[in-house]
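In order of appearance the chains are A, B and C, and numbering begins at 1 in each one.
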Amino acid sequence: MDNAILSVRDLRTHFFTKSGVVKAADGISFDLREGETLCLVGESGCGKTVTALSILRLVDSPPGRTVGGEIWYHQEDLLHSSPARLRAIRGNRIAMIFQDPQSSLNPIFTVGDQIAEQIKLHRHLGKREAWDLAVSLMDQVGIPQARQRAREYPHQFSGGMNQRVLIAAALSCDPEVIIADEPTTALDVTIKAQILDILKRLTEERRMSLLFITHDLGVVAEIADRIVVMYGGRLAESGTSADIFDNPKHPYTWGLIKCLPDMSRDQDRLTPIPGTIPSLIDPPQSCIFHPRCPRGMPVCTREMPPQITISGEHTVVCQLYKL
Amino acid sequence: MKKKTQNDKLLEVENLRKYYPITAGLFHSRVGDIKAVDGVSFHIEPRETLGLVGESGCGKSTLGRTVLRLEEPTAGRVLFRGQDITRLDRKGLKSMRREAQMIFQDPQSSLDPRMTVGDSIDEALLIHDMGDARERLRRVEELLDRVGLESYHYRRYPHEFSGAQKQRVGIARALAVNPNLIVADEPVSALDVSIQAQILNLMMDLRDEYGLSYLFIAHDLSVIRHISHRVAVMYLGKIVELATKEDMFGDPLHPYTVALLSSVPIPDPHRKKERILLTGDVPSPAAPPPGCNFHTRCPRAFDICPREEPFLKELAPNHWVSCHLYR
Amino acid sequence: MSRLSARLGGVRNALFLLAVLGLGLILLADILLVDHILDPWGYFNLFFIITALLYGVYPLFVNRRLTRYYWERTRRNRIAILGLAFIAFLTLVALVGPLFIPDPTRGNIGEEDMPPLGISYEQSFYDADSGRIVSQVVTGTWARPLGTDDRGRDLLAMLISGARISLRVGLQAILVSISIGVIIGLVSAYRGGVVDQVLMRFTDIMMTFPTFILLVLVVSIFDANLNLIILFIGIFGWTGAARMVRSEALSLRTRDFITASRSLGASDSRIIFRHLMPNVMSIIIVMMTLGIPSVILAEAALSFIGLGDPTVASWGQILKAGQESLDTTWWVAVEPGIMLFLTVLAFNFFGDGLRDAFDPRSQV
């Protein structure tokens, strides 16, 4: 737990639906250290968004409930913090950026107002100062003519510009941690590149920690210091960016890297991962990737896979590496 | 373009335009146009896949639909085996529909939720009167099998399928009438990465097996590179560059293509490359900039660009670029 | 037949056409033979029964698997099933009940103002023999479990025959209004442009129409006739349905499966009947279920203010008769009131349950 700002330990967030218990996050652990960018990688329904929302206790309840685990922010377990304390942390110490910038902004207020509002909520600043700070933040995230554009409404902004506004709002209280949930997924490639660039620059300048949630391995390679790969609500593998891309150990990580078409060379055939994404309703008490795994063994259907340390921080949850 | 004999091209699109009127006021008078497709020409040969790439709002989907006359073109010609389909009457259009089909982006919305998937595929055969009930049933089962589904799936409803399975059904439906051309509009972008490869492989197998041509529309350049023979890059309703895959990815000429290629994040942390960041946003197709419509974002724009509109020129064999840099 | 049905977009439309043709033939016979086979309301009722069977019940049977799926989803909603059970019970009572009960219109001398079972009250009446007002405690009996009214009519019998009337009002009026609404909504959405403009402005006008004043006028000119009231409620009640169907159909039109059908070469009628119709059917069913109680209430309200058909004892009529003596024989008004309350509640519960079951977004 050395210099970890945020420590998630064995997080279990389940959704209690009439069809059964959806174990969206089922024993997730990771550390987010000061100044680093950690990528939470996985496909739809792997529980990455639920994990992120659970950190700030933003999961809709009912049907969702965090039934177990710990979330340490400095010396405080957020799962046991009071609602007032949580409100003081949200947006102030830990800020969040969402996938769909258009729906994350209120259409009836100007973008400047919305950033200034966020500032006034957590900092004791006057109206004028808050507004000036909002404009300067908009300037920092690369919105041209920030002073004029601050008086415009979200619908007058493009998706990329709105995402910048959200980043500006997230930065407004100088948070220690930013949680970004697929912030570039809804954007076009050229705009995506701009946003990634801004996030990289700002986290470096301000030594912020970034928890970046995405399914796009290209984006991961671009931005991550360390990577956590999730599958079916559980951890599959974690390690540094080099560990994961150069020396993937989990069969799912192999598959994920191998199934992508390569932009820089020709391939005859792709190697897909067979089968489909599993349902998280009452998952088996054994490896959840087993039905799609090319290296599956009889033991995989019987036991939960163990967590094994490969080297340093590289760990994998798989029977293959059991001694 | 060079005059070739009509037969060696499956599809020829000439100066195609699709404008949507912007109306205002009580009487819906026309105050302007959204130029979704603004003078596009290209051709597709038999068994060839042309990749069409561009950012959202560039008009690539509209182009795909207009080529199949699912949208009425404002101007221009679409020749299918030499026959202009923009002039076909209802009957002619119906028989054209047996030759050219479509695969959609969103497998969720491309299947009627109140029809069994078998009936959805069968609808194609029914409309074109292809055989009696028994023959059609056999054909649907054959198609299901071909796209990797089972015959018992016939009586299932779309909600009982995963996204990839629904996309397989959509492909089977398109194949049912034995088409020569398939317009695939972002067929894998709604699917998870680990699933995309399954569908791409299937589409490539079918291409070889049935001798299909694809107009493959996507925003994902790596997918485009994987499946296409030639690639067209669109920006604001126009094709800015058209070349073979090798030329397009090896030697891109248009500044937009260069920037687009450099923006794609590569899943390899060691390959850090020089990135050309485009500034600003894509302008609105309702009011495209004058001259070259890319000049507002172009890192290499010069005096002539805002004044004069560039045209597609063949700079090297089969490598067409629309840019004032190459005069 | 199969050719024809393919042309019309399904066996169902062919059957519908045949039924309409049949009705036309009967009408022709009626006119030519000057013999009343059916009265005008008979045609009206028959037509809607056929429509309901073909477009409501038939698809449920044809798409058994889908029906079962929606049934499974609805079934998980306890309250909806409670509502459905009540509706089913009420329908059964309304259908076969009148066969087993005494004539609800016949008064029983000597049994006036009987309280329901288990209730006693002091009844004062003029005793002709003594020439004085005497009081006597009256207790409800098994013979008249729900008591009687001031003419000694059996309230249980009246409520049962009233159930038949109220349900008929609800079902028929809603069928009229939904049919008009669906046709206007679908045509408006599918044709678009000027047709859409004209139809929607017409809908706006209908919405702002002073329906109530017109009804008072109509009732004062003609006699208040139950069928007339049904038709009236139906003809002025379709605007909401038209708007809802239109907006639903508009959003469906942009869905890819409609484009897919067009790209396969499907005709307009095929798209409307095979794709649009079945997909708006779910909201039609929900609208009907939720619309029935408001129609029943509307009829009750009309009866209550004296605009109802006085020749039929609907729940509203009983309620109206009872409210005059609310301080003594309160049950005469309270009992139909409870029935109305329960019925409205049951339809609303069931309708809400159906809506949730049909909504693909909801995780029931």
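In the analysis below, a residue touches a chain if its C-beta (ideal position, glycine included) is under 8 Å from a C-beta of that chain, and two chains touch if they have at least 3 such contacts.
On a predicted model such as this, the values are computed, not experimentally measured, just so you know.
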{"item": "Chain pair, B-C or A-B, that carries the greater number of C-beta contacts", "value": "A-B"}
{"item": "Chain of greatest Cα-centre distance to subunit B", "value": "C"}
{"item": "Euclidean distance of C-alpha centroids - subunit B vs subunit C, Å", "value": "50"}
{"item": "Distance between chain centroids, defined by C-alpha means - subunit A, subunit B (Å)", "value": "32"}
{"item": "Of subunit B, residues touching subunit A in the complex", "value": "55-56, 162, 164-165, 192-198, 200-201, 204, 219, 221-223, 225-226, 245, 249, 259-271, 275, 277-282"}
{"item": "Interface residues, subunit C side, partner subunit B - complex", "value": "6, 63, 65-66, 69, 255-257, 259-266, 270, 274-275, 278-279, 281, 360"}
{"item": "Contacting residues of subunit B [partner subunit C, same complex]", "value": "65, 68, 70, 93-94, 97-98, 101-102, 104-106, 109-116, 120, 123-124, 126-128, 155-157, 159, 170, 173, 177"}
{"item": "Complex contacts: residues of subunit A adjacent to subunit B", "value": "43-44, 144, 158, 160-161, 188-194, 196-197, 215-222, 224, 241-242, 245-246, 255-257, 259-264, 266-267, 269-274, 276-277"}
